[in-house]
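As written, the chain order gives the labels A, B, C, D and E, with residue 1 at the start of each chain.
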Amino acid sequence: MSQQFSRRDFLKLAGLGAATTAVLTGCGPSSRYVKREPYQQMPEYNAIGQSTYYATTCRECAAGCGLILRTFQGRALKVEGNANHPLNLGKTCARGQATLQGLYNPDRVTDPVKRASRGSDSTQPMDWDTAVQTVADALTNYKPNEIAFLMGTAPDHLFDLVTDLANAAGMNAPIRFGALSMFEARATLSKAAESLFGQAGMPSFDLGGADVVVSFGANFLETWLSPVSYTREYARMRRGNPKQRGYFIQFESRMSQTASKADEWIPLRPGTEGLVALALGRLVAEAKGGSLPRAFSGVDPAEVAAAADVSLETLEHVAHMIVSAHTPIAVPGGSALGQSNGQTVAEAVLALNALVENVGKSGGVFLSPLSPNQDAYHQPASAKEMQDFVNQMASGKFKVLFIHGVNPVFELPKSIDFKGALSGVEQVISFATFPDETALEADYVFPDHQGLESWGYQRVVTGTSQQVISGAQPVVTPYFNTRATADVLIAAAQLAGGKFAATLPFKDEVEFLNSKVSALMGEADGSFTAPDPVTFMAYFQQYGGWWNKSDVRVSAGNSNPLNRNIAGIEADFVGSGEYFFLPFVSPSLAETGANKPTLQELPDPTTTVMWNTWIEMNPETAKELGIENDDVVKVVSDTGEVEASVYLYPAIRPDVIAMPFGQGHTAYGQFAAGRGVNPSDLLGAHFNEAGDLAFAGTKVTIQKTGKKRQLSRKEGLIGVYEFRPE
Amino acid sequence: MTSLAKPLARPHAEEHEDPREHLMHDPLPRGKMNEMVMEAMHETNWKFWVVTGILAVLVATCLGYAWYYLIDKGLGVAGVNMPVFWGIFLVDVVFWIGISHAGTFISAILRVLKVESRRPFTRAAELMTTFGLVQAAISVFMHMGRVWLSYWMAPIPNERMIWPDFHSPLMWDFMAISTYLLCSTMYLFLPLIPDMAMARDRSTGWRKTLYKILGLGFRGTEGEWKNLTTAMNLFAFAIIPVMFSVHTIVSWDFAMASRPGWSSTVFGPYFVIGALHSGMAAVAIVLFLLRSTMKHYKYFIRPEHFDTIGMLMLLVSMAWAYFYFNDYIVPWYGGDVWDKLFQEWAEKGPLWYLWYTMLFCNIVVPWSILWNKKWRRTPWLLASAGILINVGMWLERYIIIPEGLTINRMPFTWRLYIPGVEIALTVGMFALFLLLYMLASRVIPLIPVWEVQEGQEAHLLRKIGKAEIPTLSELE
Amino acid sequence: MSETITFLAMFEDFEPASLGVEKLHDLGLSDDDMNVISGIPIKGAILGRPSAITYVSRIAMVGALLGMAFGLFLIYGIPYLYPLLVGGQPIFPIPQGIIITFEMTMLGLMGFAFIGMFVDSGFPSYTPKEYTPEISDGKIAILFSCPESDQKKFVDALTKAGAESVVPAEARHL
Amino acid sequence: MSTNLELPMFTNNSEAELGGRWGMVIDKDLCTGCQACVAACSMENNVPFVGEEDAGYGRSMQWIRIERLWEGLDGDYREVKMTDYQPLMCQQCHNAPCEPVCPVYASVHSMSEDLNLQVYNRCVGTRYCANNCPYQARVFNWRDYADYRETNTADNDPRWSVFQNQLNPDVTVRRRGVMEKCTFCIQRIHQAENQAKAEGREVRDGEFTTACAQACPANAIVFGRIDDPESMVSLAAETSRGSRLHEELRTMPRVTYLAGGA
Amino acid sequence: MIKKFFAWLKQPLGLIAVGIVFLALFSAAVYGIYTTQQSPEQPIQFPHKTHVAFGIQCLYCHPGANKGPAAGLPSQTKCWGCHNQIVKTRDSALLAPLKDAVLSGQSIQWVPVAMVPDFVQFNHRAHIAAGKNCEDCHGDLSQMTIYENPQVLNMGWCINCHKQSAGDDQALLTKLTDCGTCHY
């Protein structure tokens, strides 16, 4: 990054601006403060004053949307969607747009560092050669099964590299984890899919083709699985067919952003989603006539109505809507699966889909296709598996732990004490780009490039019916002294020699990528073909990935879901409190957005609160407890307590308290550190049958603290609540 | 000089009232009056310097540093936000222009109507106009985002070939206020010339050179007097419409905006009467201060003057109440929903007490005190009524501007306004006004002696031949 | 004829002053040869003199016209020089024109009245003038010049008419 | 230089039908309130962030504000309904009330693009335009937010200037004391028109679009030429659901909102 | 004491002293303003005159002018294309910076002189498409050694030319005098 003054630097020096330049030009040639530097050699495709566009993949969440980055004289300026990419068709979400602030951010880790002691801020920079040597030593000094890899949710090229390395060298297979995968209960979804399709995989819901959508807690307009494609599907459902406007019903105890777009939001007591699904199944089956499938026979709608605090007429009305619809669809997700009986709920809802025979059809449920170079669906670690991993760490089974693209100290509940377990590991090496909580606990931090500066590809797990591998290429030269983790591992493997060197005989990451990508040349009806690997790689970079043109819908397997009996039981709750606790993922921040100021300042869609955590409480409950807006309140559960300001949210059940997940960092840069609180501190190690965290299965008590802290809202309280015009 | 003539007996004067009680009927020789005024100007005890010191410090910190801080850091340090883009800055602008209108009202309208009891305090009132306008100009420039570019508002040819936009009420403001400031300063200076000449003859040292310069070599020849009196008459007649136009234009800043609560047709006269209301009250306060602090001023400023001012205040407060009710009832009865909301917001919103204080100060206080002649004539009572009225009028503008801006047609954006550094700036401006006034009292004779004597001469009875006829040089 | 001496006659009050003026008329001085200096403006009629002529109002009228022209320029000249459209309002704003033209006319009127007074009375002139400080104490002075030979006649006539003092005036710095 | 007095700008016949070149249709039924348009707009037009305290006091600089109100707040919580999300940006009115009130021609109407322009370098910051806007679509630079070092760090930490790499060179960076608002991405309009003129053709519908329309995942925002009847935006505006905000004020806004619901 | 000083000032010698002091101050001020108007030192005293004399077109070294907003600068390799065959390059002191830059791979720090402020979005392509050529704005380069602005590039000068070139074509005049054309 040449340190020369460019025209843009002129703004930095001249205080950015309109007035100063006017004053400057007024009193003399402003050129005195600006130098203009021609390139020594003109880099290709960089005409003067023209922007160049590069295709890459968004790394903000695991969905893998295709982006086009506008760059100008070596600086990335604007993110735009890749119109050819089948997942997002040219569109992006707010976090995709703010990814640039992750690239140009003052808090990034700039050099490979050695931390004086775990948990201390003081680090002394190293050079990359010693860093690679450290990794090589880590690989060789310990037995292969004492080396563990912990990676982010996205199944990308690094995951393939590490998997090859681990299989060849006998190391532990890399584990993928992320707070989003925990809150989306991916393990529950894939196990429930097994009940419907006979094989594990990530179910995909074709909302666009449906005319009645009944969703049980699935926040698909917020951060669920693949938000951009599901928002597009939602729009197709509403206005895709001019003659028929889709009808959307949401069963959720809190009106989330998704529920706010529903035609009917039906608040039900948390934990009873399974019962309601079964009751609906029974009502629909009876309305359709024919035999009552065994799955739905064990439940009585009247009792369910009482248990779920929902009137029977509403259930009958919804059942009637499902029956009269051409292509109804039922979607399980979000807080519904975050209960102790999460898997039962998922199976019940999928059985409902089977009942209306929409499996595999347009507007129905189907199994997301596996990408070509993938044999079976590899599911990210469930919370239970993470707990076992942590126990192994604590017991000292692992001597070396490599962490890349995940921040478990912040994301895992405090009860699964990841930080404590780290003491059992001799050497912890983090590849974090930002000094987050986990990097604070690591011995070394060898910073990876930010997403926009790195090579790679990423398999698209769900959200489209095509097999997609989304490609990535650096759009700018790396801004700081960082290096790609794949390069580090390859170099370390060469140094380590033996089995390591044999599995990764590549000079660098790009060569590794070529080998992986050119394997796709043989695939039938791909989006592009090329005679030789070099042109194939060039097209791969240019189009932003490879996908097959045909629609690969994996539909029903042999297992008949309807005649299995599904236990209609209520979820059991942990904790002695009298309020249900419902943490939800903040739509604008999710788990990695806290370090980007533009995201921090995006108003939350439902409450318009910015920059902080809030507690949503029903105004009636608050009146009983004598709480007003902005009162600081302590929420206590069995495993912990947090304090935050209250937001009187009118559309939430009186016995439910909700809190957004995404803030409450203790490190991770100055925009995130010390801002808000983390609701996962309250969650205990309470899992559902599939091993996912029952995050919505906790009961808490509320204690007033008498303090008051103003929440920063985009809305004016006067016009919206207190003094509103009727 | 013992006058040969007897004072004119007032035909309808009550028996017990001593005719000498009226200034016009209690003449003193001109030399004596000159001496009294010069003495009042010279005698400055330590208390004066203490108060001036405090005011100077206040101005330096509250106005000087606070304004620098505002310019350096940007308007963020003030309390203005979205949607309340204009806060106390604009309240101050309207308030100070209101104060300045009293000066013109006294010195122009009362002069044109030949109300004799205006004579001793026309200059004090005119001084208030000029200093009030200085404050208004300051607070106009203070609220601008980039005040260092405000010269773009002046219609001077520039190399950009772009001129200011005269569609904008702010440009009418710019023109009107600068006209009014210029004219009222000229109008202050004209009657000052003879007094400067008088002061020139009676002082020495630096004062002598100053008065010599300001006196312009005035002797009092017929030609000079004729020019002076013609010019003053011209000014008296011309400045009245300018005064009415200035505050109407200031009200048009708000009336022209298509906002609920603002866009109403009655704002013009309503603001002008509001200006007179707070202006009269301010005059009462100033007279009380002059009377109680300046030496010999008890002779010049008498209860009869407070009586006139009091009657005017009562009259104007009734007119204000009429206009306020007019502005209130029309939207209340048939206005669109947003206007009604604004009124509901002002009355029942969180700042309801401001609304009630405004009504109390502007209507109840004047109507309960000023009808009684005896109360009207006690200076301290009139001054305190004046202070309350000014508080009421300041609040009335606070309700129209910041609270008016809270309510707009997009309920999502309604937001309370919490003043920031503007409070310091407002305090600084009050201090600057008083400071300027006190310093002026050391340099300029606040009583126009020649006008007072002219009035007294006119009220004497002349024995010309056999008949005793009033040589009312002024009256015909 | 022998050179003349200028005299300054001080009078206490209107009557003696008017008598003095009559005396001077009798002695053959015309109104233009004498000048009344006083502490307050005295109408000419009181002393039996024609009221002084003044050009202030004419100058003010000129100023008013100039102001009006400037106001019209602001409203119709500026948009003509650089037409910029705003908010659906016509480019030549008639109603705003009235406001601005009125303001500028008034400014022109008063500005030129002020200047007119300066010009007409010859202000500011700091040259030595015939003046005594008592005038500003309320006395009325008549300034006249008479041939040196019969100055005694003039002095006696005026002292008889009630003049306090009749003394040859010498120009002093004010 | 003769001035043709028949042009609409001289005759003020505000009955002139909507006319205009650029317009936008926002389908409130599809808008999910996900703030993607707000983020895209801020990234494209160098809109700075302002920090918690100022954002909470109504000083956030975002050019688009997603509004939502509530219905049925007084009744049972089950009956509470949130009104449709409504992204509100400058409506580019034909008779913009913010234009005549600016004393220095900073807010002026562009006759060639028929848009409302905000000339940043001419604005002196009286903020009268913001008061007069019935849609409150204008935001003000209360402090030097764009110069991140100055406002956000006590010691002018140079590392902060790294944010400035992301500034878009086609858009002026505004300093404190300047009013700003949505410009319908006029830099994109000019670039497209420039390109079209170079190739000697008119700008095709859909050839370029604004940052918010480009990013909106639900395709709720459609931008295009409203004077071309076949353009997407004109067709979208034809439906009976279409309405404009505060039409009774005769501002003739260019953004049509399609109501949600059946 | 002060009186004596003032008295001395009044007599002729004093007046002369005052005159001198005033003149000194005035000339310092004029010099101060003059320096601000001077464009700063260029790394190489590049003589446009000689290159134009060789018949080199403007677009050869500034290719961007008819393609986009910025005219661009020649890369060093372009200069070195000719200069390495010219003997003078090796030994003349003036060309030393070029030689050092090319050999060391550093880039030459040219100082832009025809600068418009940042709030003006100037576009070369539109002007060339409108038929203007370089001399109209940059002056006659065949006479100029180191480039200097022939006139101050301020708005008045631009608008004047815009109005003249629009003539009485009303649509073009509206476009060229429209604020949004240059300021956004």
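A few notes on this one:
One rule holds for everything that comes next: contacts are C-beta pairs under 8 Å (C-beta built on N, C-alpha and C of every residue); 3 or more make two chains touch, one makes a residue touch a chain.
Since the structure is predicted, the reported quantities are computational estimates derived from the model, not experimental observations.
With steps allowed only between chains in touch, the distance from chain A over to chain C comes to 2.
The interface with the greater count of contacting C-beta pairs, when A-D is set against A-B, is A-D.
The innermost chain, defined by the distance from its C-alpha mean to the mean of all protein C-alpha atoms, is D. Chain B and chain C have Cα centroids lying 29 Å from one another. Once the centre of each chain is set as its mean CA position, chain D and chain E turn out to be 37 Å apart.
Inter-chain spacing, taken between the CA centroids of chain C and chain E, is 59 Å. A straight line joining the Cα centres of chain A and chain E is 53 Å long.
The multi-chain contact residues of chain E, meaning those touching 2 or more other chains, are 117-119, 154, 159, 179.
Residue positions of chain D with contacts to 2 or more other chains are 57-58, 65, 67-69, 97, 99-102, 105, 108, 111, 120-122, 144, 172-173, 175, 177-178. Among the residues of chain A, those in touch with two or more other chains are 7, 11, 17-19, 22, 715-716, 719-720, 724. Across the whole structure, chains are in contact as follows: A-B, A-D, A-E, B-C, B-D, B-E, C-D, C-E, D-E. Residue ranges on chain A touching chain B, taken from their complex, read 19, 22, 715-716, 718-720, 723-725. Across the complex, chain C meets chain E through its residues 82-84. Against chain E, in their complex, chain B makes its touches with residues 158-162. Taken in their complex, chain D has these residues touching chain A: 27, 29-30, 32-36, 38-40, 42-44, 49-53, 55-58, 60, 62, 65-70, 73, 77-78, 80-82, 85, 120-121, 144, 146-147, 150, 157, 159-169, 172-175, 177-178, 211, 214-220, 262.
Those residues of chain B lying in contact with chain D across their complex are 73-76, 80-83, 85-86, 143-147, 149-150, 152-153, 162-165, 167-171, 174, 253, 256-259, 405, 408-413, 415, 418.
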